[in-house]
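Note that the chains take the letters A, B, C and D in the order they are written out, and that residue 1 is the start of every chain.
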Amino acid sequence: MRKLLGAWTGLVLVTLYVPIAVMGVFSFNASRRPRWTGFTLDWYRKTLGDHNIQDAVWKTLVLAAASTVLAVALGTAAALAARRSFPGKRLWNTLVSLPVMVPDIVMGIGLFALFHALGTGLSLATAVIAHATFNLSYVAIVVSARLQGTDRTLELAAQDLGATPWGAFRKVTFPAILPGVVSGALLAFTLSFDDFVITYFTAGTGNMTLPWKVYAMAARMGVTPEINAVSTLILGASLVLVVAALRLSRVPVTGGGR
Amino acid sequence: MRKLLGAWTGLVLVTLYVPIAVMGVFSFNASRRPRWTGFTLDWYRKTLGDHNIQDAVWKTLVLAAASTVLAVALGTAAALAARRSFPGKRLWNTLVSLPVMVPDIVMGIGLFALFHALGTGLSLATAVIAHATFNLSYVAIVVSARLQGTDRTLELAAQDLGATPWGAFRKVTFPAILPGVVSGALLAFTLSFDDFVITYFTAGTGNMTLPWKVYAMAARMGVTPEINAVSTLILGASLVLVVAALRLSRVPVTGGGR
Amino acid sequence: MDEFDVSVRGVVKGFGGRRACDGITLQIRRGEFFSLLGPSGCGKTTLMRLVAGFESPDEGTIELAGRDMAGVPPHRRDVNMVFQNYALFPHLDVAGNVAFGLRIQKAPDIEGRVRAALEQVGLAGYERRAVTTLSGGEQQRTALARAIVTGPRVLLLDEPLSALDLKLRQGLQEELRRLQRSLGMTFLYVTHDQEEALAMSDRVAVMNAGRIEQTGPPREVYETPATRFVAGFVGSGNFFDGRGDGTMVRTADGLSIECRAVGDVTLMVRPEKVRVNGGPGLAALVEEVLYQGASTSIVLRAGDRRLVAEDPDARVRPGEPATVSWRPEDVRVLPK
Amino acid sequence: MDEFDVSVRGVVKGFGGRRACDGITLQIRRGEFFSLLGPSGCGKTTLMRLVAGFESPDEGTIELAGRDMAGVPPHRRDVNMVFQNYALFPHLDVAGNVAFGLRIQKAPDIEGRVRAALEQVGLAGYERRAVTTLSGGEQQRTALARAIVTGPRVLLLDEPLSALDLKLRQGLQEELRRLQRSLGMTFLYVTHDQEEALAMSDRVAVMNAGRIEQTGPPREVYETPATRFVAGFVGSGNFFDGRGDGTMVRTADGLSIECRAVGDVTLMVRPEKVRVNGGPGLAALVEEVLYQGASTSIVLRAGDRRLVAEDPDARVRPGEPATVSWRPEDVRVLPK
């Protein structure tokens, strides 16, 4: 039975990684056609030199950074608010974390309709609000998990030793949840950086981000080596961020030295 | 400080739920314009009667069902394969779960490039493979979590009482992980049902699914009451599936009666 | 100045309808080693948290060194606590943990005082160790050093040894007792382990269901328990329900036991006071001989009654008949 | 037919360079209550898992009822195990758990046999209860019923009482012993609790670092320990390292102890054999009197030497001088 599972799952790995490998390989292919003719960095040079793409990268980073700051502030607050028990705590937790599961397209259209109804028009600012909205739940979930793993008696011990409640939070609880906050921030940044659908509905056509740009290029011209190059770069950046976030979220709650 | 957190997080909830509420409300609005003039079910009647939308619903369901079956089979196998320790187990676990974090757009383009290179063309079948590929990681993660929470000594106890290794798996381990498998299946179905980007790149224009249809309608005509109605339906279906999945994943591993 | 360091009067504390403390009054003298002994859920930990200030009483007053603590938050109370799970700060090393209270006080010579405290608990040289790399016993000592270094008036210890192995626990009992004597600090010690409470304390309060059933020195609590609960909790015993006429107590199954009690009472004889084949007495059958090394428990049956004796001189084997006896002065009378 | 139900010969089992079992030989008689006693990590659980078939020995043989078990998988061995965490099947109720082995055997009258097994462990009427709603003691009894219902040749018990409270544990010790007698089944019992092992077993094997240091009846192990480790593990003791000339043993700090030993030896006297102020003897100072109810431990200091006595007749207080003595026949000689 173990042999069978092994073979089966070999198949799995192939399905998972061949598309990504194909994309990566062809981004270094000298020919435009999907046949290997030699190694080149031309496509990377070309795309990174393109002013449109530079502009998209810049907008993507601004959008991701701004929405991450907002999402971290609101999400951490939401997690901290749910720490003590109060009537309706369960409902609160559900309301805070449920948006993670709202389909992108629904959230995009909902935000679009809201901004339309409010008459604000679409801009990078509306996109920031939109991204912060969906990211806040992720941050709240990550920070809550960390808080739950943090021993409440640590704060009592600090107060017992003479720290004020605020001092105890600052000196004991905050260091304990910090990896969770950073991990949530990295996750939020990544999700914002990768998003296409919600940006499409909330940023306005003047503010194409990188995934949107890729989408538009692919929709217009099919998959070109330039697109492979940009996609590979997006993937690389995402994975670095995600691995960093996972590393941090695994720092044991009870662990760590100075 | 608690007061402040309360106010802060009130703001959070508003940001999160107003867009969705606005969408829902206007889907029942008699007028086409974003001003409430009276209750109607006309938009639901109209959209549900539209043959194009009926076709999209049907394709969405077929795609979701087929890819879920594949993802559950492969994902469960991947989780079971990683149960015993073997050299490279950590790498295996990383490889199986990492695709969760590959940006949709990158995975969509990668699969598109792969199918292009293979010359298979695009069809509902290629979309099924694409969806199964990204969903398999989710299933594997959910089932692995369940397996980790399942006491290995249960299987030893069953063998000790005379069950063969396969019998012990069937009678003890399988019932223990079943909620995880079902929960993973519901999650996979939901994600497939909600997906737009990957479908867009892998299904071919003849196979518009519901989110794609909504996207296309919104891109062409802005947000109309019909779109609000369809979005509200998608959201409702997703939430029902997600809540069911969460319920199941929370069945305590050590719990349950007959 | 008041001679009592801790003074608890009529304290009531309820959680959702259940009264964890149901009218507690106790006074702890300066420099005393005082234990709260009781089964889990008896309210002993709640009482300690009330003294520390983590909870406020619904009724009654708590005074520390003669000062009413109503409304005084934990960080303004001159008591420190050793938590059951130690509650060491994971992001600080051993010295950082011990220095925590001193830093808040902005005390002078923090380094020297930390070193001295670590020496007192036998952890000299552990300053730079991460607390997560410590063994259970070392964590316990670190928590102790952190709590004593600021020189609090009263030290609260919440089952500090319960997470440790038996052998380690016994060694630390002796050490704790010695430390308390050398510091001259008042210790309020919470435990569910009757041997621990008896061996370490100057006085013990036995708690049950939110109330104190008896307060007194260990010997008094063990030898003259006030209630049946106390008798059963601080040791094992042979119990006889019966009715006394001033010279004899008669049980429902027809036993007559010499005792001056009058009315409905419960009599109790400790196993180590019971002699087996030590003279004329109750006829019984040896059911089980449980050899325990330093002592031997003999389980006997007389009719439907199960009796336990710990008689080092008895030489009996399961299945043999035997007589069971005790001296009249070893019979304790408890309210029924 | 062999009179031994379990026969282990020269068994070695290593995990990653460390030998959990390092040449174990033992033989368990039919119907015997045999305990493996040792600290955690001594290899006792590994040995039990080897007998159950969850592991295979690197060297040596294991026989059950005279049959070599090499290559026989767990489900083909006529032994059942009670796991430390009980390992009850959470998706089955109490009856479903107990019936598990019978169902696999396709045994007749499953319902009646389940009912009988539950009665034997004192859980009559619990058939339809979900196992997750049971208390620790009830879970323990369910696990026991599940293991005995199929009537295995040997029952393996892996610290079955270690997760329970002290009072409950003591009651279950007696019950387990009674059950074993009435079933006449061979029990192989693993524990780190020396009192448990002494009280329950017909024979005890004391393990340390993968080896058996002594095998024998409880009284023999306690009263004539073979090694210093055994002496210290099955009880407490006062140890004296010295050199004997055939009539006296002299220690480095100048003590002379009457004893026939020759050469470098360690002498040991149990605390309960030490008399305080019971006649002429070693001059010491009483350091601590630890009252424990049924007994009292007296810690004394003689020079740098710490002595412990349990003398019910002693009436001493901390700080007083006292003499310490014992009878020559209570001195045990151990290899150094």
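Side notes on the structure shown:
Here, a contact is a pair of C-beta atoms (placed from the backbone, for glycine too) under 8 Å apart; a residue touches a chain by one contact, two chains touch by 3 or more.
Treat the numbers as computed from the prediction; the structure is a model and nothing was measured.
Hopping across touching chains, the smallest step count from subunit B to subunit C is 2.
Looking at contact counts per chain pair, the maximum sits at A-B. Rounded to a whole number, the gap between the C-alpha centres of subunit B and subunit D is 54 angstrom. Averaged C-alpha coordinates put the centre of subunit A at 54 Å from the centre of subunit C.
Look at where the CA atoms of subunit A average out and do the same for subunit B: the two points lie 18 Å apart. The residues of subunit D never reach two or more other chains; the list is empty. Looking at subunit A, no residue sits in touch with two or more other chains. Chain contacts here close into one cycle, and each chain has exactly two touching partners. Checking each pair of chains for touch leaves A-B, A-C, B-D, C-D.
The touching residues of subunit A, counted against subunit C in their complex, run 151, 153-154, 156-165, 167-168, 171-172, 175-176, 252-258.
Contact residues of subunit C toward subunit D in the complex are 166, 173-174, 177-178, 193-195, 198-200, 218-219, 222, 234-235, 270-272, 288, 290-295, 297, 299, 310. Partner subunit B is touched in their complex by these residues of subunit A: 1-2, 5-6, 8-9, 11-13, 15-20, 22-23, 26, 34, 74-75, 77-78, 80-81, 84, 95-96, 98-99, 101-107, 109-114, 116-117, 129, 132-133, 136-137, 166, 190, 193-194, 196-197, 201, 211, 214-215, 218, 222-223, 227-228, 231-232, 234-235, 238-239, 242. Within the complex formed with subunit A, the subunit C residues making contact are 52, 54, 73-75, 79-81, 83, 85, 87, 89-93, 96, 100-101, 104-105, 130, 132, 146-147, 150.
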